[in-house]
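One chain, chain A, links the two complexes that follow: it is found with chain B in the first and with chain C in the second.
So, the complex of A and B:
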């Protein structure tokens, strides 16, 4: 997918004023946040988070070992494991597979890696018709290949009315107003594709090393059809998704749906192992796994390894005040919200996403809900550090910070500067208790007043008071 | 009990009366309070901006100034969060400093936390009357676990009725330099906070951090609300509100 994270500031500013967008986000937020709260109350949350973190850390500590084990087990069961260094390699591999099996149409269930790679465009260019079958992704695809704005609810930025209008326009059927009816219409449209596709492409929530299986968590049932109806099934997922055992999978499944949608268990949960065997009624004849690096391997052993624990539940963005205000598109790449603010710079280059690690109040609402205890604000702070070390911050900001920190180490001069600063602010307040326009920080006073200081600094007053005593 | 009062740079600059209120409360709790004259800033802005070197120099200064005290108290959750949670990260590669940083951190408290859990202050000088709602600041709440302490203290004031607002634990949008770098988002978050506060019907919002205070008061006034007071917990408890 084209990287547009460098335009974050302008897009975020516009989105911040979009109250209609915020209304849509807040409905979903209510659902996800309240749902999660209820669902996590059913388990020993802290113990499960700790256990989940430990599982993910174990895999990452010996990632190569678990990946090799996975490859062996999957191969034993008829699968083929392929490795992709980046998005371009994903596209090449999938197109090759499609050619080899004479594929004309590929049905897809949700895969973020396919977004990273821009796979749909590559398939189309190779003469293969890609059809998104996740309802949200389908809506975006028929709306001119729009980008998702949330990792589990890709069309969260659309209202029911907008979708009704889109369906009427694209499906050429009378407009529906009921969500149930609209969904039924989409299913009818998709049914023919399900039955005529030669290839299914899915993501993978987890890869289980001991059995060579892929685990899929979905709510719409499309994932089952994508992975079992066509003769070829291609799983595309990041190398970090491997976990050692089915037992580990059970632990992670206690926390993933609860954190994501507030469900005790998702509507569908599939563990797919091997190709179709003699006597099986369904399943693919050819099973491929494309395991992708695209920046992940470089994070192993780095300051950012914690980020690889991510299980893509979206709790961080659902709870993020900034995401809830600007939505996902402003982030400019595949992953929005706090996890995106960390992942995007790491995957597309720190210099291409300068603003993202700063687009957070560091309130740590994300860190406390993350099911695998990723310290997201700490990671954003580390990215900020790297920007400073590489001289990527604007000149003015660096100079101001340097001057301020020098003053703060020279108390006499600092006291003087504070004294003058307070006088200056009071002068700006023009005798009122607030400053309405502040030339040195116009973006503050554009949206709110700045309260005026009392008049003298604490240290001035303390000196006088003590002398009085 | 010798307590070092870390006034914090924003209180020094903007609201000295909060510093004096804190002083009064600590004295009411029977502490011997010292206010090191050379104190400036804990280094939080540098740390959050990614300037590790500057943050470290300021942390060293802070540690040297305050390590002679039995306790260090500040009327700000985010400054205490910096000292307690982040100083050790700053000195991770320097055993001698790390020990000093950790020792200081373990004795550093947010004001309400200190008054409620360490000093166990029972008789408060404050006489505020009215309905208040408490805004949990992010660092205080999520780094230090300050939640019940300020509420317990407020409950000791007979004239105060506490009413909880929706989203009390949600960020007000300040975030230090975030408030200027992303002014539109910041102001929008402050607006949501103000809506929740006003819906609670409180006469005043009470809080424990200067950043939130400036942000919330600035937004309330811009929205034309001249009535709702924005008070630091120290002012309310010390009777200076």
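So, the complex of A and C:
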């Protein structure tokens, strides 16, 4: 997917002015936030978060040997394990597999890596019809390959009227107004694809090293269709997704659906191992894994390794005041919200996503709800530091900081500057308690007022109070 | 260099891996795999039937409890009649021994196809903690029967209800040795919230799940 994160400011500005978008986001927020709160109350949340973090850390600390083990066990059971360095290689491998097995149509269950790679375009170019089957992803695909704006609720930015109009236009059926009827119409459209596809493509929530299995979490049942009906199944997933045992899977499954949608368990949870067995009436004859780097390996052993624990639940964005206001599209790539603000610069280059680590209030709501205890605000702060170290900040900011640091080393001048500054601000306030337009930084006051100084500077007050004693 | 070798080489470099410590770490992961440590688990009441029933109903499934396995076909027929659903169904070949005709049902024991409306299955086991049915793929237990039809009826022997997911893995290891191609956990009818986050039952899988627990 093309990276548009450089345009964050402009897109965030437009989104912040979009009242309809905020109404949709606020409904979703209520559901996800309240749902999670209820669901986590049933478990020992802190102990489960600590255990989940430990499971992910165990694998990241010895990622090479865990991956070797996973590959060994998956191969033993009839799976084929392939590796991709980047998105282009994912596309090449999937197209090769499609050609080898004479595939005309590929049905897809949600895979964010397929978004990273722009896989649908590559499949179409190779003459394979890709069909997204997650309802949200399907809505976006038939709307001219629109991008998702949330990792688990991809069409969160659409109203039912927009969907009704889209379905009428694309399905050539009478317009529906009821969400249940619209869902049935999509079901009927997609059922035909499920039954006729040659290849299923899915992501993977976890890879289990013990058994060489992939674990898939879905609600609609499309994940099961995609991995049961076609004769070829391709799993595309990041190298960081490996976990040791089925017991670890049980632990993580107590916290993933709860953190994501507030469910105690997702409707469907499938553990898939190898190919169709002799005598089986369903299941794929060919089972491929594509284990992907695409920037992940660079995080191993770095200051940002904690980010690789992420299990893609979306709790961070569901709880983020910034995401709540601007939605997912403004972030400009596959991953929005706090996890996107950290992952995007790390995967596409810090210089290509300058604003994202600043798209935060550092309130740490994301850190508090993260099921694997990723310190998201700390990582954003580290990215900000790297921007400064690499000289990537705008010249005005750099000059201002240099001036401030020089002043701070000269206390007399600092006091004088503060005094003049207060006078200047009081002059701007024109006798009011607030400044409506800040002359030297007008964008600061574009959306809010700046409080006028109360009177004397801290140093002046300090001096007086000491004398009083 | 192949992508595999390149990716693994870079991971090793970043982890400071050497020939010596690689061998040690391989031993360490064997120990983790052998230990199969469990994480913290929520308390599950001793009455597993009641827990499964309560959880399943909360997930929008319906539940009936019968005394003997011979009563299951009649329970299925009652459910279908009460909901004005077709009295014909496809069932797992494993359930061919039950008297479906005697219950007034027309049942074919085979894998479901795209247009079958009612699917009847057993379970490998069921999980009380979450209200989940566990079905394993196999010759006599096709995965499609719990997925393609609009109505799914599952027969669950009470003795096969286990407290949590950990017990499911233990049971599979003990009875099957290795995992089957697909171990599916089903918790209520298929659902979606993708349009305006409004919950709708019956996305791609069944609209209805009816559970017949056999004491």
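Here is the rule we go by: the second predicted complex is superposed on the first by the 462 of 469 C-alpha atoms of A that agree within 3 Å, B and C clash if a C-alpha of one lies under 4 Å from a C-alpha of the other, contacts with A are read in each partner's own complex, and residues count from 1 in each chain.
Just so we're on the same page, a contact is a pair of C-beta atoms (placed from the backbone, for glycine too) under 8 Å apart; a residue touches a chain by one contact, two chains touch by 3 or more.
None of the values given here were measured: they were computed from a predicted structure.
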- Query: With the two structures laid over each other on chain A, which partner does A:238 touch: chain B (first), chain C (second), both, or neither?
  - Reply: neither
- Once the shared chain is lined up, is A:386 touching chain B (first), chain C (second), both, or neither of them? first
- Based on the superposed arrangement, let me know which partner A:13 touches: chain B (first), chain C (second), both, or neither? first
- Task: Once the structures are superposed on A, label A:418 by its partner contacts, choosing first (chain B), second (chain C), both or neither.
- Result: first
- Among the partners chain B and chain C, which is in contact with a greater number of residues of chain A? C
- Message: Which partner chains sit in contact with A:345 here, chain B, chain C, both or neither? Use first/second/both/neither.
- Response: neither
- Query: Looking at the overlay, does A:269 come into contact with chain B only (first), chain C only (second), both, or neither?
  - Reply: second
- Query: When the two structures are overlaid on chain A, which partner does A:449 contact: first (chain B), second (chain C), both, or neither?
  - Reply: first
- Which residues, counting only chain A, touch chain C once they are in their complex? 24, 27-28, 31, 42-44, 47-48, 51-52, 55, 58, 61-69, 77, 82-85, 89, 133-136, 139, 153-156, 158-160, 163, 179-180, 182-184, 187, 190-191, 194-195, 209-211, 213, 219-222, 224-225, 227-229, 239, 244-251, 253-254, 261, 264-277, 279-283, 291, 293, 297-298, 300-302
- Using the touch rule from the top, collect the residues of chain A that touch chain B in their complex. 9, 12-13, 16-17, 22, 321-322, 325-326, 355, 358-365, 367-368, 378, 381-389, 393, 397, 401-402, 404-405, 407-409, 411, 414, 418, 421-422, 434, 441-444, 446-451, 453-454, 456-459, 461-462, 465
- Query: For chain B, which residues are in contact with chain A within the complex?
  - Reply: 7, 9, 11-17, 19-20, 35, 37-41, 43, 45-52, 54, 57-58, 61, 89, 138-139, 142-143, 169-171, 173-192, 213-215, 217-219, 221-222
- chain A partner contacts - residues on chain C that touch it in the complex: 2-4, 6-8, 10-12, 14-17, 22, 25-26, 28-29, 32-33, 36-42, 55, 59, 110-111, 114, 130-132, 137-139, 142-144, 147, 164-166, 169, 178-198, 200, 202-206
